[in-house]
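Structures are listed in the sections that come next.
Consider the two complexes below, in which subunit A is the common component and subunit B and subunit C are the respective partners.
So, the complex of A and B:
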């Protein structure tokens, strides 16, 4: 701090110039959102691997897959023309009034034939058809299949907290405050380049501050990107004014989405027109976009305005090389056979704005670059999670040494609440996450609404952990919860052996790295938690000094620590 | 893909280690004294060059767009590794970063062919 500013700093921290003001903002805005942000970040990080987690959580399916792993590969479907006919017959008979028919005559081995349509009451209808006969396949759930939402729980929770629109808004406001905390944190951290690589372990408060700074600063580009793209994802919800200005107040969102998703959708004329064979259009589209056809969408069937759009598959090379997840798309007016729209893979129908939006959401979802990118996201996400956790803990560590006296007579009570929330939000939520995996194995397979019970187990465990954290002394609560977390994580492979008979060695032997990854990852977290529990056990408690005593004894030194602690 | 990942990670790790050792505080952790000005300059230059080179395998392994995003990710990963290893095993940081630099640069040659 330079000489000119010295007299300003001598005032209270709130009045002491930009850096002190930002330190105050960072501490207090950061603290109140850190618990929720920790939850959003931890579940978001796990969401990176939602598919492997789902795979682990559907062991019957995984084992069946493994049993057929050595079968000769199925040939690619060649009777697409016939499949399209079957689906068109089905739609003509069952849903002639729907103004959109969507058919997946999938060319890939192991896939069947599916049809989708807009229900008159709103929403999507769907049916799976037998690709040889066109008969509807009824999906009665087999008794051995467990009903679960799998890893998608983490995806849903991290952006809507399983609370629908309200949850989306809560997450949005939290994310906004996170951006405030990031900017104020950067301004506060005056030695950002000097301390770039600094981490001093085993030095108490110093170490927590170093760790908080290091994980935040070293992964700063990621933290900004993930928060910003997360907000951009729902921009039409969060910033509705432009849409309202363009489309008016009534049903603006619907009209906007219709324009956005169905560029150039034709208007019905009322003149009848027979549906021609669609296979020739599929072949033309494959030529035009250079991708296999995944979905065939028919607008206004049997009307002269009829239009068919062919959508392609993203091959692995496409997602490796492109930030945009848009597939190719070619549309034809069936009255004339003319090509009316063409989107090459990776491009956008809605211009630069549409492409920006597609790239932003794909950046957030790590939908590019393949598995290596997912691991980079996973580790950067863990660093972000650690940033929230260390920040929340740092607040308490500092005040355990010296009370700040911020709430007058209530200070100790507020600190107690902060301490409880720290334990419940950090250790408690982690237990709830691994508890969700335990619930998947422990809840009987035949139970009604089983997926709902898994979710209830998640929230139930979390609530129990909150109650536990409030009832036990802080240090005991940390040790017990971290110990429980370690046990649940380390015993995950044992649970799997006892419940399904499948074990880690067998998973590795058959090359099922998705299942093995979940269990090995769980064990890694378990070791980390065990180490944490051991470290807390070793910590020596010092009695909290009262704020008043400190102020009279060493007023200047206290300010020194305050500013140093924030830097 | 794996060679590109290893090469990018090795270069970012070695580059970050080099930048780190150019700082007096961290130079002291390894050698017990401050860096001479010309040594510091050389380490800074080497670090910058290694980090810049790390973009090469990223672009070669993915593409110009995805590669840049991957590069930013590897920079963070390399820096995190350095910050975590330095206080516990400064000598190991020195040896491993030298090894990483040599191996990754050798790997880079194969990318250019």
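So, the complex of A and C:
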């Protein structure tokens, strides 16, 4: 017997009680979050390659870059000392009252001379300066370049659903439930290794369960890691009680952050002090930390308490060697010229806890290990996505065989909603993701707030797919949506040829593997979707049996626990 | 009877979600107070550990047979840890 009444779990100790309770917890906690989790995982997986996707989505920029690829590098027009002076002049003139000046005096591809400061009203201000003259560079976007948020869309959606703080909280709660579903899933499985080596294809429910188990078990450590490190980013927001207990009820968070981030931050004295040349400090810092200088941060400019901190630049070798993404940092009190703080690359200046959080963040974002690690994350992310998808489908497949009658008279209606959400969340969201790429090419370049329209296209397509899934019979909805997904993915290179004239062969010929990778990856997904559509078409339709209809009339049996994971 | 079964399940879910969160907060307050680290580090360590506590708490609520025990198992330690943590805290509390 596969089902047990819930009141037995609540009251009666029995053989296998724990496993059945865990199976119930796994099924129901997993089901209700599986759609959202699928979305978070799929977009997170795509976010691994946000830069190549952005590259593909800015074709004018990419083509121009390719045209200039063989140009000799720009000569270093000014030395760093001079650029620092230019930036200091700009800040003295424009933002003398700001408490913090930050200067990036780097000359690297994509970087010139930038200045940042705290605005009185809160938040960062920024300006890009001409490294020769110090004049502000106005970034009037050229009319030929398309306005897009590019691959960053997937990053943002992945952690905040484009809904700001509320989105962050929704993702956090979902992640917390995922942790519970993972643990209860593991407890449910008696034979975790046997399950992993078991796959019985073409056996309906059995095959879905085997697939769910295989992808879950194979990547279990990754799934735990990615969920836990995801929660680590804002852990003090999610559990504010210790912050309040230690720092008092008023402004606890602010006091905590000050204690946390601003260790050694100087207090203004009110005595004026002229800003000395910063280049000698940059040279000393480079000696001390062994990295090139990326950012120069000046606290309390023109005050006797003035302090400058020099931040290093992580080279690729740094990201291969160290799990922590912290760069080197050296600080100097400008009144005395004394070195007041030193952090070597990969170390933390906020102790073991700070280092732990830095490593956790970096682990989550695959900030180490280079391209091979990104591919590993991509495939583990896909496995996680498949775990959510197969789990949600398994619920329906199982109940198509034999209804559990969990919702009494409403059971069939709830199943219908679950089936709609399955289609819309799995096929529909995938269509919205590739639709976002299509929107990038189809929305005219000159349209105002173009990036916003791309986003609207993403959500619009998703909504249309939800409506479609609700209006069509389940099997038809799967076939049509998977078919559409396959077409959109497989035609991505054609779309690119028609819209920009660039083609896959040319991309490969000029070594532009970022663009080619997006289109080849898209086609791989397209083949997968086409195969899926074909499989669903082959399937013999079995209507949901009303096996439990009689039982559900009897109120005591209306709520049942299904032991999904047990084999 | 059906109502009672539903209510018991509902109560168990509440015990897991809110009772579990109370216990998690209580343990975090205690950890932040007793860890031999600087104040900010102890607080951060406590918040980073909290998700282990929460996960285990939820699992336990669903594993335990007796519903009343599930509730007491959340709330009593939550009050004990939280209270002790507040007594020992270094801050303005």
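Rule of thumb we're sticking to: the second predicted complex is superposed on the first by the 519 of 567 C-alpha atoms of A that agree within 3 Å, B and C clash if a C-alpha of one lies under 4 Å from a C-alpha of the other, contacts with A are read in each partner's own complex, and residues count from 1 in each chain.
Rule of thumb we're sticking to: contacts are C-beta pairs under 8 Å (C-beta built on N, C-alpha and C of every residue); 3 or more make two chains touch, one makes a residue touch a chain.
Because the structure is a prediction, the values reported are computed rather than measured.
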Query raised in the report: Between subunit B (first) and subunit C (second), which, if any, makes contact with A:321: first, second, both or neither?
Result: first
Query - Partner chain(s) touched by A:32 [first = subunit B, second = subunit C, both, neither] - result: neither
Query raised in the report: Regarding the shared-chain residue A:513, is it in contact with subunit B (first), subunit C (second), both, or neither?
Result: neither
Query raised in the report: Among the partners subunit B and subunit C, which is in contact with a greater number of residues of subunit A?
Result: C
Requested in this report: Name the contact category of A:459: first (subunit B only), second (subunit C only), both, or neither.
Outcome: neither
Query raised in the report: Now for A:370: first (subunit B), second (subunit C), both, or neither, which partner does it touch?
Result: first
Report task. Scan A:214 for contacts with subunit B and subunit C and give back first, second, both or neither. Result -> first
**Report entry** subunit A-touching residues of subunit B, taken from the complex the two chains share
**Finding:** 1, 5, 16, 19-20, 23, 25-26, 62-63, 65-66, 69-70, 72-77, 79-80, 82-84, 86-88
**Report entry** Touching residues (chain side subunit C, partner subunit A) in the complex
**Finding:** 1-2, 4-6, 8-9, 12, 24-26, 28-29, 31-33, 37-48, 50-51, 54-55, 58-59, 62-63, 65-67, 82, 85-86, 89-93
Query - Contact footprint of subunit B on subunit A as seen in their complex - result: 194, 196-201, 214-215, 218-219, 221-222, 320-323, 363, 368-370, 372-373, 376-377, 379-380, 383
Report task. Spell out the residues on subunit A that touch subunit C in their complex, using ranges where they run on. Result -> 5-7, 9-13, 17-18, 21-22, 24-25, 176, 179-180, 183-184, 187, 228, 231-232, 235-236, 238-239, 241-243, 245-249, 256, 259-260, 350-354, 356-357, 360, 408, 555-556, 558-559
